[in-house]
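Take a look at the following structure, please.
We just call them A, B and C in the order they show up, numbering each chain from 1.
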């Protein structure tokens, strides 16, 4: 018997605004206080301008929902959690996304608002999560990774750009300067146990236990007093979140470097090798990303 | 032969002020530079207004003792280190405790003064330590936990209040935001190995080695130059301690939430289940605290 | 076949200024973007005023070399990485070293400049590294230690002085306050696995894999875009490096305490036991340093 079997029915729990038709994710409101969001953007859950727009909308709903205690983010694809960003050959479209309520670009805006939301956000990670996908899980409150089937990484430096969506601010505070610099500069994949050893995730959990353990944790949080959660988060936020001002200069660097001619060539080479597709390159991206590079 | 047998006699080492009769603790001044404080408040070492008053006095003695290099805090009860706070049905008495030298309420005041004291404070943790008990060990300089017999936690959010004595400020700096939020919001127990993995304690030590290993460390520190310890601590304090101003707003939130009618009902339900007694509830509090909650 | 065998020849890669004759180190410029620095100051790689002068010069070369992506620091002596500082009975010579470009004393000056340099610095640690040696590796960006053959420590407090070259500022941010205070105040050695558990090093690597694994990582970094590395480091530096102002007061404390008569007696006792020589004392310094102390 799984905890899911014993959970209250989700019928009738979903407020109207949540019931819209989503393109890159699906929502299961298991109770007024517990919501499950599943990434579902075949073939490998890349993040595009559409994903950003939908996530920004979702975070707005989370912020305003005073019944909601906990949101679990998982993936419908066991091999990919959130692959990374895909500009769809139109970086200008991403750059031109309207700023959010904080005044920042939509991507860092939605990430900082998710971190500050009164509900607890949990990333339940199975499969590959890199680049902007890693930036998303770093903005979640808690992170749990499959012990046997998870690869996390910030591969941006290996492609010639800075990681622009916040990991330069978040990782040093989470794992210390030395390990943050290794993750960001060596830009290789970390499996679940290594990610847990470094503090990149809270813990690695045996793959066949991950769903149940996270679900039980979520149901526990779902029963707690909303105000006790919200106020405790607020006090922790004050001492542990980066200042908003730390984000825009890094994103500006990212867009500037992304616009360089050499960069377009590099991404063209990576696409020829299988980037943005369900490919061996994507499954071993940390290792294979160097194939698009010149020799030393 | 235990290290205790070979230690210098404590006769004559105890300055007059230390020799008073303590109610909830006992003091063994093993040498001018090494003091051992044992919590002894049956049945489960709850912290009450009396404990706070005695600890505040003790910290004052530690602060002024220029012979003292190290203070080890342990428990006379192998199953409970410091259970948690007990208002003894009179929260107003605790709220009305006189402010300490920092101007803060007696509890955060004594904790920040212990952290800044020139002597090294070591929590040698065997048994359960939760809530205010966890706040105490977080204010100590070093923390070692029995590998087989220790449970640490901040269970406050599960009862509907914020943890008011500092862990929202101390834990994120010690274990990172993600693990701090898990400890504070999921509000479950961590055993020794998990606490060590997260950095909540320095290390977990096999139960039958804990006393000897901590004692040897204390005797080592006892031989060091007092000024070298005090000045090094001061430099570390400057970059690692929360600002005093971070504490009062959280404690104010705690007292405000504690005063809500729903809160008194919750604690009444927990008392009916065995709170503040040597009970199964207390031994498995992280797990069982939800029994006083409504369904999700 | 080792990775070293397959590396490009280093002939012709070394800019003129790098080719000078070094006294306490040797330089192998494996490619324009990858440099290996090997400490070689028999018998135990102590750091003296000469080492400081050479390291300051080397850091200046690293700072100005826009081809260089990565510098690996290792040791020619498998038993000692960098033993610790040796004043050569003339503390005044060290105190009088000219300030560097930051305005600080040459030692903290070169350490903060190494941390901010655009190239990635990697400490590949085999053997003993204590005191100022530990301060050096803490200023490197990444640290990897031999699992079977590494001992790290800050033994200064055990000799009666504060650790003056930055670990009071760097360690709490890297390993948290509790473990930093243990390393600094208990002042004992940590082996590779313990250092990795605490976050003092990124990882412990099996001794027979250490050279190859670090070399492969360096060749990977050598192929990356210099500007992507440099800008990412800059953003991480902004949120993870101590302020320069934190260093001078601690160093002043160190020199003041070093000048006390009792201190010269202590170092004389340690020298009689084998300090600064290839001795059992040096190999077990964390444990044996107390032999120069009075009883508790």
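Operating definition for what follows: contacts are C-beta pairs under 8 Å (C-beta built on N, C-alpha and C of every residue); 3 or more make two chains touch, one makes a residue touch a chain.
Predicted, not measured: the structure shown is a model, and the values here were computed from it.
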If you fit subunit A onto subunit C using only Cα atoms, how far does it have to rotate, to the nearest 5°? 120
Between copies subunit A and subunit B, are the contact residues mostly the same numbers or mostly different, with half as the line? different
Taking each chain's centre as the mean of its CA atoms, how far is subunit A from subunit B in angstrom? 36
Residues of subunit B engaged with two or more neighbouring chains: 173, 175, 199
Note: in the complex, subunit C contacts subunit B through residues 156-163, 168-169, 171-173, 175-182, 184-188, 197-199, 242, 246, 249-250, 253, 257, 290, 293-296
In their complex, what parts of subunit A are in touch with subunit B? 8, 31, 33-34, 120, 141-143, 173-175, 196, 199, 201-203, 217, 219-225, 227-229, 231-233, 235-236, 238-241
